[in-house]
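Chain lettering (A, B, C and D) follows the sequence in which the chains are written, and residue indices restart at 1 in each chain.
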Amino acid sequence: LKAEKLAYLYSPHFPYFVHVNKKGSVRLLRGTFYFWKNKISKSDLMFFTGDSQAQTIEGQYEISDLVLDFAKKHNVKLIVTLGGYRMEAKDKPNVIAAATNSELLNKALEAKAMLSPLESPIVGTAGLILGLSRFKKVSAICLLGETRGYLPDPRAAKSVLEVLRTILNLDVDLAGLEEEIAKAEKIVTRLQKIEEKRILQTEEMRKEEDKKVSYIS
Amino acid sequence: LKAEKLAYLYSPHFPYFVHVNKKGSVRLLRGTFYFWKNKISKSDLMFFTGDSQAQTIEGQYEISDLVLDFAKKHNVKLIVTLGGYRMEAKDKPNVIAAATNSELLNKALEAKAMLSPLESPIVGTAGLILGLSRFKKVSAICLLGETRGYLPDPRAAKSVLEVLRTILNLDVDLAGLEEEIAKAEKIVTRLQKIEEKRILQTEEMRKEEDKKVSYIS
Amino acid sequence: LKAEKLAYLYSPHFPYFVHVNKKGSVRLLRGTFYFWKNKISKSDLMFFTGDSQAQTIEGQYEISDLVLDFAKKHNVKLIVTLGGYRMEAKDKPNVIAAATNSELLNKALEAKAMLSPLESPIVGTAGLILGLSRFKKVSAICLLGETRGYLPDPRAAKSVLEVLRTILNLDVDLAGLEEEIAKAEKIVTRLQKIEEKRILQTEEMRKEEDKKVSYIS
Amino acid sequence: LKAEKLAYLYSPHFPYFVHVNKKGSVRLLRGTFYFWKNKISKSDLMFFTGDSQAQTIEGQYEISDLVLDFAKKHNVKLIVTLGGYRMEAKDKPNVIAAATNSELLNKALEAKAMLSPLESPIVGTAGLILGLSRFKKVSAICLLGETRGYLPDPRAAKSVLEVLRTILNLDVDLAGLEEEIAKAEKIVTRLQKIEEKRILQTEEMRKEEDKKVSYIS
């Protein structure tokens, strides 16, 4: 969407190291707010992304609170937090939705999101923002995509964004993600091959060792 | 008793996740105060239950202090904290009592509670509230039921409530608990059968492996 | 010495549980200040003992600071912290001394205390009080007795108190400790016998298992 | 350079023990600022060394912030943080540089420092000072020498100081380090021999055990 950077959030609750980029430049871990002016309808968008979760319990609450305050100050009416939940998606990854009010939740369900079948908790900032939003009188919804969890997962991202697009009534082109999905599939396939090879080698080694053992006796 | 909700206690010392219910609604972890108007005598009751213990030492002290302050503000004269201690109860689970003054303690002992035979400490909010109550000039007693500890234990609950009923001179019907006890017994019996089966299987597997070993040599 | 209780130190940095005594009475973990009026010379004594070390780094500094402030307020001129260091004492346990000034340290060395041979750090309140005392302009010395560390050790206590008695020029009768030493020796001897028995049993079991193994092959 | 001590930095975020020296004297863990008056040019130098890293995340940020504030107050224009990164240097240890502005970084690269090939983070005070310096409007650069990491490494120190010397245009004699390097080489060689011996012994023991095993069957 080509949103503009609006503000950074720095905190001593983020990990105590700095990032170094390829050019040797250094920066603290931080959260970033972006702003996107909607030229068609009146719904502008603000984004928040972070390098890391807060590292202490109190820090988790403090950062979620700061993000909410900033949103409130900029007149945000609806907050959407995005995340993933660990599950091997069979086909198209599902999206689980939870929200602060049922009207909002229904919009997500209509957009093919599901209720959490297991009443599992939502951990971290994505969950706490929802929990704290009622005290700030802001509506909030959380969308979680099914993902393996150990790699960036554009397929899960696509599922989540499709729901989001419908809820916000936005015309976003997700074609760029298809390319990412193809790339990610290749990486996963390659990793699986490496893993298979590793298992085979381990078996070979065990057979060799078994031979050794029989040789001894 | 059908008590009414009076107030919630939220804190950044509770775990940093939110609960999601079956309807997709979200809430922070919290403590809840209930109030019960006594229509017969003058002793009204206030209850406090929590989703979780505070996650840091300082949080433990802070939450216990907040609960005491709230009770004090609402003119509470006697605080009873309830809990469990891990021990396999042979027959009817015992109840151990500790209190801030001996008069109060004696009431519990007359109601068939026991003194702690081992001078063991009381950990967490149930204990700290007692320890801190002397600074607020409120009487407090702690009742701990014998329990296996890894499952809700309605038999322990019943023992504790019987003592509590006598101390507070309340006419509470505990018949509903009998049903819970029957249910819980079934669950425990089922778990024990699963455990026995698991042990048998493990033994079978070991025997199989022993055979393998003899085969190799 | 029959010193009188002067004050308690409570802190949310102590562990979050309460002690229960034989009578079912409850109290928070705390530190206790005692005061002893010297009827012969002008040197009164103040004592501080604690149930537990502070549980966080910041708590360690805060408690040491509070103890120092209290001492300073009561006009204390010399602080002695006592402790142990883990080493199997061969004969009479040695006492290691460290101090904020050399004059004070020399007094301890004349009383047969030793310098630390290994420049090892002094961990916890006993050390931090010394480290912080220079900022409060109070002299301080730390005496550490050689001890096995896992049991109350009256022999180490006696060594430490003999040095302390000389430094403070006090006439304290340590005969009561002899009885304690005799008791402790008995406990240690009993524990050693249990340990020897356990080792023997373990060996027996291993032999049995060895037989099994040879039987299988 | 024979710099003078300027100030100490004490903090409850440092570990909770005190150092004892050979003379039985005690001191808290701390950071030390030194000052060196440049008699030739106008660039005076200030140094900061610490006994330990801060022990909590918030402490890490606080200490880095305090060091920066102190530097700012004393009109420091350029901050250089030094450190190591774990890698077995083949020949002469490399030096990796990262900086808050490219002009400064280029000076380091001209002095034969390298960019980080892996965009790895810089952990701890050396990194955070760089990350926080932009908010204080001070330039900062970090130089990290290749080192094995488990021993003082004068070869890595020499590499780092050569780069530093060029950046600061200082005439420092590093000949004293050559002696240190020779000493350190001997220690490493001795450790390697001990390690080789240990491996040999382990092998011997395994062979012995193999014999035992064959004997049993």
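The working rule: a contact is a pair of C-beta atoms (placed from the backbone, for glycine too) under 8 Å apart; a residue touches a chain by one contact, two chains touch by 3 or more.
The structure presented is a predicted model; accordingly, all values stated were derived computationally and were not measured.
Where the sister copies subunit C and subunit D meet, the same residue numbers recur on both sides for under half of the interface positions.
The most distant chain from subunit D, with centres taken as the mean of CA atoms, is B. Centre to centre, using the average C-alpha position, subunit B and subunit C are separated by 37 Å.
Per-chain Cα centroids separate subunit A from subunit C by 52 Å.
Of all residues in subunit B, those touching 2 or more other chains are 217, listed in ascending order. If touching chains are joined by edges, the resulting network of the protein chains shown is one closed cycle, each chain touching exactly two neighbours.
Those residues of subunit A that touch subunit D in the shared complex are 12-28, 55-56, 59, 216-217. Contact residues of subunit A toward subunit B in the complex are 57-58, 60-62, 97-100, 102, 105, 109, 115-116, 119-124, 127-128, 130-132, 142, 210, 213-214, 217.
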